[in-house]
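Report on one structure; see the data block that follows.
Per-chain numbering from 1; labels A, B and C assigned in written order.
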Amino acid sequence: MNSVIWQLVQIVLVVATAPLVTGYVRWVKARLQGRRGPAPWQPYRDLYRLLQKEAIVAHSASWIFRTAPYVTFASVWLAAAMVPTFTTNMFLAPAADLIALVALLAVGRFWTALAGMDVGTAFGGLGASREMLIASLAEPAMLMVSFSLSLVSGTTAPAQIVAFVLSGNVGIEVSLGLAMAALVMVAIAENGRIPIDNPATHLELTMVHEAMVLEYSGRHLAMIEVAAMVRLTLFIALIGCLFAPWGMAQPGGGPVGIMVGMGAFVAKSFVLATALAWFETAIAKMRVFRYADFLGGALLLGLLATIFLYVSEAV
Amino acid sequence: MLQQFSYDLAHLIGATVLMAGFGMLYQRRIFAVLNTFAFQAFALAAAAAWQAHVQHAPHLYATAAIALVFKALLVPFALHWLVERLGIHRTVETALSIGWTMIVGVALVALSILLVLPVTAKAAALTRESLALAMSVVLLGMLMMITRRNAVTQVVGFMALENGLILAAVSAKGMPLVVEISIAFSVLVAMTLFGIFFFRIRERFDTLDLHYLETYRGDRS
Amino acid sequence: MTALEQLQAANPLFWILGLPLGAAGFLAVLPSWRLASVLNVFISAATFAASLMLFQQRPAPSRLLFIDDFNIYLVVLTAFVGFTTALFSAAYIARETEAERLSPVHLRFYHSMYQAFLFTMLLALTANNTGVMWVAVEAATLTTVLMVSLYRSREAIEAAWKYFILCSVGIGLALFGTTLVYLAAQPVMGDGADAMAWTLMIGRAAEFQPDLLNLAFVFVLVGYGTKVGLAPLHAWLPDAHAEGPTPISAVLSGLLLNVALYALLRFKMLISANGQTLPAGPQMIMMGLSSLFLAAFMLYRRGDIKRLFAYSSIEHMGIVTFAFGIGGPLANFAGLLHMTMHSLTKSAIFFAVGVITQNTGTKRLAEIRGLTVSHPVLGWGLVVAVLAIAGMPPMGVFMSEFLVVSSTFATQPLLAVPLILGLLLAFAALVTRLQGLAFGTPAATRGYGRAGWLSTTLAYVPLWVHLALVVVAGLWLPRPLVEWFETVARMLG
């Protein structure tokens, strides 16, 4: 019964905190760049404003264009609901699975790309093709990470991986480090952060995600924006859950466990978001031609993680 | 438990050295290559220091210090200075695309693991692991020397290869001091030598790209 | 006991190693190059004399250094060729300086490096520690790289660069092999220097882990094999030989290749003593044969006289490696003899080539003709030397090659076919080249001008002494020498 309650809390929590996380990253970036920057809760205001506005749809747009924001949001939200943040005692935990996660994210991306092409503007098509390029490289890397994790823990369900890591059966494992590096690279690509994409620019030559959603306005745009924010929170939660699950409440942990889990989740998100902001400030965006190298690197790291597992098996 | 931990940490540091090896293959700018090399040398120093701690072999701290001071600081600085001073082309010139180089690199890692693990069945786990990693680092260094045309990157490739050798030597339990010091020493000599070379090459050719150096590549009759 | 006291206790070794080392330091600061070249000769002579003392008084092996039946003869050979080359070098250098191709600063450096090079080779031969041996070979690489680039021409720098990069990688791989051997020895011998000492390891090699030795030998073979100049790792050799000063070509060919091969053979001894590893032979036979063939074909297309003989060195190192790969007392005997004969003959050839290039002012084969007419002593010396290296009876090289072929017939008859084919190919190439060089109408010379009598004598004496030794060895080997080769051949297994 508890699991249903915690699941509902989780579902609300991810959507509720996502704008704050994004806003916090923007705020830290602004500070690092020597600006005062908007307050961390600015995204809430932006979303509110967008929801008030009228949604304008191009004449050439079909139903795909109109449904895409909702489909994208729903799939990302569902995916986010599956990743344990403060407890593994959740209703959806048995169904949650890294491969399902990859699939859900792919659905969201697929619809966004379709919508980008649907209107028939040049930028939409350009953004969609680049997004697909990134996706085609990021997904194998993500799957490779899942494989190496499942080789360590014997499962692809995040909740069970958490339980396995917390049980202390695993020491400092090189493969886990490599898998983490790969996952971070994939996360950067999936969220359209620097060096792959710059979420703050609308420069024609470089934008990817923004190019696809250029035609959206009003509540549609709000949906798209929330989806992007939730995706960022999802990846932060995923990295925290798979590679630093400490403090997360286990089934039967009681209210204290939940409180500790919440605190740990906030702390982890705080650290990761700060790191992301710092990283984005320190590095320059790369050219489109280098995406393949970057994500190929992630894939290779995942591959190496798998190779190293065999080493430690043999030793 | 403690032994497990010391093993895990050695494994982790060794893997960091290897990752830095991949990092060097991944870079396209000479300065980035140099920074990555410095990082690798730093990781190597950490590996040597950790082995010194684990094996209770104080002389390995000297190896660590040499790696830190000489390879992580002096050499990158010197090469950095050379590149600036000589106005060398700052992009890495590749003979094989970066993607393919990385794939070959992974294949080499797999190869060295497959080679080393079966033959060291009786050796200590610590040694086996490090040896497999060290051999991978050596092979990656060779790969870098083969696939990067610029003279500076070739030197860095050679130094990376040496890092792998030292990683192997420090993880061989109780290997006498003579070797480590002499390795470091020969690196020193090698470096001065390279220094001379850079200037000599500069005297004769306008660029450090080996492509120019090898106009008569192959067999001169 | 410190290392220094150990050295002093091992008396002849102290002199053999101390003289060149001290001279390397002293000659670096000596301002007069004339004096330096004279001192170079005398110090090399003293080193040679000290090496002869080893026959009288063989020092007990220490942790660092040792002398046994195998390396004693290489030490003496190295010291001897080092001495004769120093003689030739004095003549060569004098003429190069007169022609203003080398400056006094270069020469100071040159003489210092020459002695340093001798030191590193002698150290590599006498080291009783795989690590020290490795360091010595590495240092030998460094000194020779510096000497190869001495002329500072575009080609010389290219050659030195190639040499450095290839041999450094080779030597790096050899170090990896050395580490692996230590790892194989360490569980048996315990931690520390014991597990790197040849004298201690060989006795208990049978207990080493064979798999590890297998892997180690591959690295050692590729690593030191690069230094030996075995195909396909030979690319540095022709360039380094062709572009350096000729005395350096002589010691590179005559000595350094031997030292690298010696290192390889020491590891092979360990492998044979273990008994459970994959045999080292087939790998060596493969590399030996491929070197022989590659070099034999390459000999036909050469236009540069020093490159021609550099390829001939690859060929002969191939033969020697092949012989040791076949193994057994007879083949090993032949291999040892061939190493010695090649060393003497090839350095003699380079002595002749050095004078030829100075007399004619060119290294192009096409521009050198009719040497027997224009310079009879030199020309006929070259004829004898080239016939010797090509393997004409009754010279020593013929004898050793004959022994290699017959021992191959005895054990692996099928392998004898490619071997003989390769030998014939190389023979034909060399003889064809020799005709053009030695006979016909002399070409107009653009040489350095006539050399003084002293310089001429200094250059010709080592040439003819080496040739005399080679001819005598072909006709008659002293009984003690034969017995001694036989002992070593048995050691090699």
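Convention: a contact is a pair of C-beta atoms (placed from the backbone, for glycine too) under 8 Å apart; a residue touches a chain by one contact, two chains touch by 3 or more.
Keep in mind that what you see is a predicted model, and the values were worked out from it rather than measured.
In terms of inter-chain touching, the protein chains here are arranged end to end in an open line.
Chains B-C form the pair with the most C-beta pairs in contact. Closest to the middle of the protein, by Cα centroid, lies chain B. Separating the centre of chain A from that of chain B, both taken as means of CA atoms, is a distance of 36 Å. Chain A and chain C, compared by their mean Cα positions, are separated by 65 Å. Chain centres here are Cα means. That of chain B falls 31 Å from that of chain C. Counting only residues that touch two or more partner chains, chain B has none. Note for the complex: chain C touches chain B at residues 129, 131-132, 134-135, 138-139, 142, 145-146, 149, 152, 154-155, 157-158, 160-161, 164-165, 168-169, 172-173, 175-176, 179-180, 182-183, 186-187, 190-193, 195-196, 209, 211-212, 214-215, 238-239, 242, 298, 301-304, 307.
The touching residues of chain B, counted against chain C in their complex, run 115-116, 118-123, 127, 131, 134-135, 138, 142, 145, 151, 154, 158, 161-162, 164-165, 168-169, 172-176, 178-179, 182-183, 185-186, 189-190, 193, 196-197, 200-201, 203-205, 210, 213-214, 216, 219-221. Across the complex, chain B is touched by residues 171-174, 177-178, 181, 290, 292-293, 296-297, 300-301, 303-304, 307-308, 310-312, 314-315 of chain A. Residues 4-5, 8-9, 11-12, 14-15, 19, 22, 26, 28, 98-99, 102-103, 105-106, 109-110, 113, 117, 125, 128-129, 132 of chain B are the ones that touch chain A when the two sit in their complex.
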